[in-house]
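The following blocks contain the structures, represented as structure tokens.
Both of the next two complexes hold chain A, though its partner changes from chain B to chain C.
Then we have the complex of A and B:
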């Protein structure tokens, strides 16, 4: 216990204390008040932004899931040495600054970007798609950021499966497609759920991507915090929004803890 | 008297700062350490002590590099006061510094419409009235000389477009034109903030620049409703007001003469409509509790002088001098790109009006933006 004391002291000083201060700021202006929370839960601006945040996070997490599952599956079928090499490629976006990536996306997705140039070359001048400064842009940007966070939990639960189960299913005459849907996929569900929840939680706090790739409607809660901190200098309101965001994430973190413990399915995989 | 105040030792102040922070965290109302030294200050003529040193905060980039050469270096040479340049004058940082009694900045550049809020929150020092009186008489916009900050230059926003895509006659020439998407089809770009937009919306609706203030907010929002569907991007980063035109993401946007001129100089195909400008004030103020108030005021005084103002406006085409003598001394070619105070097509931002309304309207605008 004594050896973890420095850790708790450190976290207390750099995390819990500031957090307590933020909470304090959210309920005390000149005197104690719940006005900021009332506003955060009833104001049209706040409700709409909260809904947008939820929507963008869930859509991005699901898009990420669809793209990541085949990658994780492929990785799980590789010999270990090659798997490490491929895994490095999956991690590439992870090593790039999100700011740089967002600027790069404006070049790729823009009106005269690479994707639209190719589309117009292939299908004529009317074929361009608007992928920038709208919801699509935000989801593409976020998905790109989230992929590693989805691939690895799924990969872990795929690798944890006992290969004997596959062989048993094969011996019993099941075709590969049937084996996948009846054995592999159900057994990988804890990884799928953990990855999805993790991605939702991570998306909740994003603000660079919606600010740079999004349109006027794609404002997320973190952007609202930024707005009140820097523009209106209303730090009480900013703190209240931040605490609400923290509570929202906490719900998902609790769910995540359940999956990690294997309790969501009543047994450990 | 003045000397005594100036000599207020820095060490005890710093100690007070710490205990202030603690008290603040504990929940007691913060009394900024700087309050202890907020008495009236009188400028002391002559050379400063060798140890005098101030931190000056600019907007960064090549503009600040030029300011460094034209204002800061000669100032240090003349007064012996060392100036440390920092960049990114973030208002939230000023608030954090003053609230915690840990004021590291002595003189900060600010933008007119949003600076007043700082003053209202009591985050800025009061500037010596003699200094203000001295410059008010020689200023293009005397209203921008406040006792909490001095407007020392202005910048102009206008309609930007690519002359290759939209040659003469094919681009809007005024704000009513900009709002007229039938006559001038194309994707628009505006900024995602309430100031500027309300002014532009009213001018688009037919209000004359000189009759803008007090702004008719309801009318402005109604006018904004009309342009909303045609705005392809609400441009957050100022640099993007150039690159989005360059990359053909928008056709017409609100951009700024200094940015356009430097983009043109580097070979980018972009133009600005010069006869419907909105001019905004660049101010400098002293965060409350600065330990080097008097030196900071000397630097303000230097920034207001004719010679360096003229040199700066010649170097950075598009920025206008507050000093009327500096404006008069500029070449006719340069003056053509700088509106004069009585130009009927030019709007000048009223920073007092924004001081009273910025916070509430800012939130209303955000709500309007996402619905």
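Then we have the complex of A and C:
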């Protein structure tokens, strides 16, 4: 206990107290008021941003799932030494600053960006697609950010499968495709569900990606907090939005805890 | 169609079918695409975007090192990250030791609380610190930044240290205690030396988390304490300049070094399982 105490106290002073400040600011202007929450739950802007946040999070998490599964599957089928090398392709972006990635995507996806240059080269001058400062840009940026968080839970549940099951299905005459859908995929579902929930939780609070790759219409809840702090100077409203965001995330965090059998961070006691 | 019968030995895992391998390769390419684009661009010699650059030069690196306040913000980031690494290692390793070796009522709950900043949206932490620090008069101070980054980085150090501690045989500590060593002496002379790879991996990770962190820094810092990521953020937002390619390349190299050494260190850990 004595070893846990220093950080426990630190967390109380630099994490819990600030959260209490947000809560206080969200309900006290000059006197106690619930106005800011009423606004957060009924105002058109707030409802729209909450919906945008939810939509972007779910779409990005599902896109991430589709792109991550082949990667996890490929990694799980490598001999351990080669797996470490291939995994670097997933780990390097995980360790790379989100600003580096956002900057790169503005160059790759922009009007005169690399993708549009290629499209115009292949299909003529009218072939450019708008992929930056709109929903597409945000989803591409978020998906790129989220893939590592999805790959590793799925990889863990693929590696936990006994290879004998695969061989048994094969010996009984099942075709590869059937083995995949009847054995491998169902057994990897815990990883798929945990990874998807984690990605939804991470997208909820996303700030940099929508700010740099999205347009005005793609504002997410984190950007709304920023907007109220830096532009309208409405600390109370910013706090109410932050508390709503925290509650929304908590719902999914609890779901994730449920899926992982109460071991949210893989901590074994 | 013969690609799925590549079992090397009895009980070995089957190989990946070609279709899966090809789609995985395409996605690997997508994953490293930002680096593939930014690195060649950083050697361009003009103040405009060129991919691939027409001629190679270090012009943009010169801009980074000698122009504007890029260097000052980089030094500020180093200062914050080094102090954060020190604090989060101190807090993180002691807390992990208490959780893995200790037994006290409410341990599960306390552990969840200590790790919760990993899943709480960073914007919420940032706003909380913003409001809290403006009351305490810590807004815009380097000290405030370090406190904020320590809350953010320590839970990750705890997770790494907990994993590392499980590979250290508690009997070795018990033996030291039996021979009359105090708790603290045992920790210093037995546990910490055995934890060395974990400690290095943890500090590298904590350093990188703080060095790259932008949301808390954006809310807590002011123009005199601005960190590199905060300056990059406003640069991308307002006047995307090619110097960002040079900075990004340097950051990619930093990530690569930390990523590869971290992976190498954790490979040692896995042998214990």
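The working rule: the second predicted complex is superposed on the first by the 259 of 269 C-alpha atoms of A that agree within 3 Å, B and C clash if a C-alpha of one lies under 4 Å from a C-alpha of the other, contacts with A are read in each partner's own complex, and residues count from 1 in each chain.
The rule is simple: a residue touches a chain if its C-beta (ideal position, glycine included) is under 8 Å from a C-beta of that chain, and two chains touch if they have at least 3 such contacts.
From a predicted model like this one, the values you see are computed outputs, not experimental measurements.
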{"item": "Superposed partners chain B and chain C on chain A - clash or fit", "value": "clash"}
{"item": "Chain B versus chain C as contact partner of A:84, first or second or both or neither", "value": "second"}
{"item": "Chain B versus chain C as contact partner of A:229, first or second or both or neither", "value": "both"}
{"item": "Broader residue contact with chain A after superposition on the shared chain, chain B or chain C", "value": "C"}
{"item": "Which of chain B and chain C A:52 touches, first, second, both or neither", "value": "first"}
{"item": "Which superposed partner A:21 touches (first chain B, second chain C, both, neither)", "value": "both"}
{"item": "Touched partner set for A:44, first chain B, second chain C, both or neither", "value": "first"}
{"item": "Stretch of chain C, among 24-32, 42-50, 132-140 or 258-266, that runs into chain B once the two complexes are superposed", "value": "132-140"}
{"item": "Where chain A meets both chain C and chain B, residue numbers", "value": "17, 21, 106-107, 112, 211-212, 229, 235"}
{"item": "Footprint of chain A on chain B - complex, ascending", "value": "25, 27, 29, 90-92, 95, 114, 117-118, 121, 192-193, 231-234, 236, 247-249, 358-359, 362-363, 366-367, 369-371"}
{"item": "Chain C partner contacts - residues on chain A that touch it in the complex", "value": "1-8, 10-11, 14-15, 17-19, 21-22, 25, 67-68, 70-71, 73-79, 84, 86-108, 112, 114, 144, 147, 163-164, 166-167, 170, 176, 201, 204-205, 207-208, 211-212, 221-222, 225-226, 229, 235, 238-239, 242, 245-246, 249, 253, 256, 262, 264-269"}
{"item": "Touch list for chain C against partner chain A, complex", "value": "4, 7-8, 11-17, 20-21, 23-24, 27-28, 30-35, 37-38, 41, 49, 51, 90-92, 94-95, 97-99, 101-102, 104, 107-108, 110-125, 127-132, 135, 147-148, 150-151, 154, 158-159, 162, 166, 208, 212, 214-215, 219, 229, 232-233, 236-237, 240, 244-245, 248, 251-252, 255-256, 258-260, 262-263, 267"}
{"item": "Interface residues, chain A side, partner chain B - complex", "value": "17, 21, 24, 28, 30, 44-45, 48-49, 52, 106-107, 110-112, 132-133, 211-212, 215-217, 219, 224, 227, 229-235"}
